[in-house]
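Read from first to last, the chains carry the letters A, B and C; within each, the first residue is number 1.
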Amino acid sequence: MWGIEVIFKGKNLIRLLGGLGTALEISLIAVAISIPIGIILGILMAGRNPVIKAILRVYLDFVRIMPQLVLLFLVFFGTTKVWGWDLSGEVSAVIVFSMWGAAEMSDLVRGALNAIPQHQYESAQSLGFTPLQTKIYIVIPQCVRRLIPLSINLITRMVKTTSLVLMIGVVEVLKVAQQIIEANRMSAPNAAFGVYLFVFALYFAVCFVLSIAARKLEKKWS
Amino acid sequence: MPELLKVNNLIKRFGDSTVLDDISLTVKKGEVVVILGPSGCGKSTLLRCINALEDIQGGEILIDGENILTGGKHNSKVGMVFQSYDLFPHLTVLDNITLAPCKVQKRDKAQVRDEARELLKRVGLFDKEKSYPRELSGGQKQRAAIVRSLIMHPELLLFDEVTAALDPEMVREVLEVILDLAKQGKTMMIVTHEMQFARAIADRVIMIDGGKIIEENPPERFFTNPDTERARQFLNTFTYESVRA
Amino acid sequence: MNAEVLNEYLPLFGNAALLTVWLGLAGIGLSIVIGLICSLVQFYKIPVARQIVRIYIELSRNTPLLIQLFFIYYGLPKIGIKTDPAVCGVVGLAFLGGSYMAETFRSGLEAVDKVHSESAFTLGLNKLQTFIYVILPQALSTSIPPFVANVIFLLKETSVFSAVSLMDLMFTAKDLIGLYYNTTESLFLLVVFYLIILLPVSLLGTYLEHKLGTPGVRQSIRKNAASRKERKTTIKEGVVNVGN
């Protein structure tokens, strides 16, 4: 009914899951790149060098204020025009999501660093900790606890954002769904309902699990 | 003197733990009753019950013979000042004070304002009517909160550790306002940890421990020669003689 | 970049930007209504409705807008619910935004100290009066910064509207790139117009965050900052003294 049966026809289910796999792969690579870069940028942002901070500010604000789809267009179409690169949709997506993820991550890191009250540095100092020891034993453990749930949230947002790669021609879940609906247009004219509902459910399943995990950790560590 | 408040066999539980266990007491019109006891003994909960902020599991609470829990509405004969600063942060001092008389009692605004200014003057806040709570010191906030309560003309005033969150130098200005109210003959129930103040203001001291009334005596008797060993121990925690010995 | 091309494209992008703004505002307006209702249901713990709201919020927050739009625009007509692209865009944005607004308003409501509703009760205010005069004004002022963040987020999300064949900024850019290969000009205008839409909101957000905030919170932050400075100077002086 409503085309849900189409999903279980032939290799359709495997193809849809494969599409989801592509989207998840892009998210995971982008997250893996953006977390270390974001940490470095965040530390720089919480630091004292005004020039570095000003430059970073402009870059980060631009990346965070632009819709991710605009950034995708800039990289996907722009690099071809300006430098003659022929980046695939997947590579463009990884570049854009890494840039965006790093910007978001840096903001989280900066927030976590600023959240540590000054008096902790002072008590550490008066207990005779060196600045390095203070970071290792006091600052980093607290930041990590704050950051892990926030990073999981970032992954959730990343997974949701990867749905955009459809718009630059990457074959992911929605594209596969379109192909399946198109191929079965005669036998199951109403397949769009069931197939898109299924895609909706797929995304929900992935993101919901991540959200729950983030919430659990947040509760445990707050 | 007629009875204003009568509490009969009050029982209050939070889940499995019984916080108030068969409490009975009366407060006469014009009387000042101070409630003492160690932290967590249930004294604040008692005030909250009398103010209908808590549901009760047994017994009854009567104000002027009227059960406070009937109708689920607040009894306008009772007023309460809380420990934490409870002035509404988005309103000026004057608006904080006039909100309820105008909206609840539908009194004339100009008249309420005049009365508010009169009361503010009496507690030394005449120049603060346009200030926001964030611009006041803790002591000023509590004095304003007392005025906000007074303007409703309650017959019974409840004070729940109103100086507990204050810096020591501000405690006195608040306590003096309450002493002044006592002189005017207001009926009050006061929960406090300020022993000197308790002794000075109380007509009667009630000590609660473990949810039960342990002792009930005039202040002179309670502070110099209490009936119970438990009260003696409690009073000793406020002196340091045993530490030195 | 070719000035003539820019000139020629400008009105196209201008119209597209207007469409983006209109649909965005309509969707955001609807989100606010949904958000308010949901947050009240949650705040006052209304049975049954509360569970429905919970499910809605989870569904809405854990799926991308693009998928929501595809389902509404291409899926729903198959069971007889047809919508035109503009309605679909607005409904989709409201479905997404409602949950974000709900969470913002709810945490604003919950941030109001319980002692204030107790004082209001003690002063004889009824539930409605307490809400209007005591809770709502405080909740609104704490909700403003995250509210502005939501508005920016939702305006950004409108960029997927081209997927349901709405001729917004993305659609226009893609169209012009595909047809005439004037990539540089199209991308330039695309960025400029999004900045024109988003930058003022973002600046307003930063401004409000500094200006408004919650009175109490703001003061305590300032106080902390002041005492931190003080402490720092004392420490520095201390170090100097030790050195001497």
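The rule we apply is simple: contacts are C-beta pairs under 8 Å (C-beta built on N, C-alpha and C of every residue); 3 or more make two chains touch, one makes a residue touch a chain.
Computed from a prediction, not measured in an experiment: that's the story for all the values here.
*Asks:* Can you tell me which chain is nearest the middle of the complex, judged by mean CA position?
*Replies:* C
*Asks:* What's the chain with its C-alpha centre farthest out from chain A?
*Replies:* Comparing chain centres, B lies farthest from chain A.
*Asks:* Quick check: how many Å separate the C-alpha centres of chain B and chain C?
*Replies:* Distance between chain centres, rounded to whole Å: 44 Å.
*Asks:* Between chain A and chain C, what is the gap in Å from one C-alpha centre to the other?
*Replies:* Computed from C-alpha means, the inter-chain centre distance equals 19 Å.
*Asks:* Could you give the separation in Å between the centres of chain A and chain B, each centre being the mean of its C-alpha atoms?
*Replies:* For chain A versus chain B, the centre distance works out to 54 Å.
*Asks:* If we count contacts the way the header does, which residues on chain C are in touch with chain A in the complex?
*Replies:* Touch residues, chain C against chain A: 58-59, 61-64, 66-68, 70-71, 74-79, 152, 156-160, 162-163, 170, 173-174, 177, 183-184, 187, 190-191, 194-195, 198-199, 202, 228, 231-232, 235.
*Asks:* Which of the residues in chain C come into contact with chain B in the complex?
*Replies:* Answer in residue numbers: 113, 115-116, 118-126, 129, 133-134, 137-138, 141, 214-216, 218-219.
*Asks:* Residues of chain B touching chain C in their complex?
*Replies:* 51-53, 73-74, 76, 78-80, 82, 84, 86, 88-90, 99-100, 103-105, 132-134, 145, 148-149, 152
*Asks:* Under the touch definition given earlier, write down the residues of chain A that touch chain C in their complex.
*Replies:* These residues of chain A touch chain C: 2-3, 61, 65-70, 73-74, 77-78, 80-82, 118-119, 122, 156, 160-161, 163-164, 166-167, 174, 177, 181, 189-197, 199-200, 203-204, 207-208, 211.
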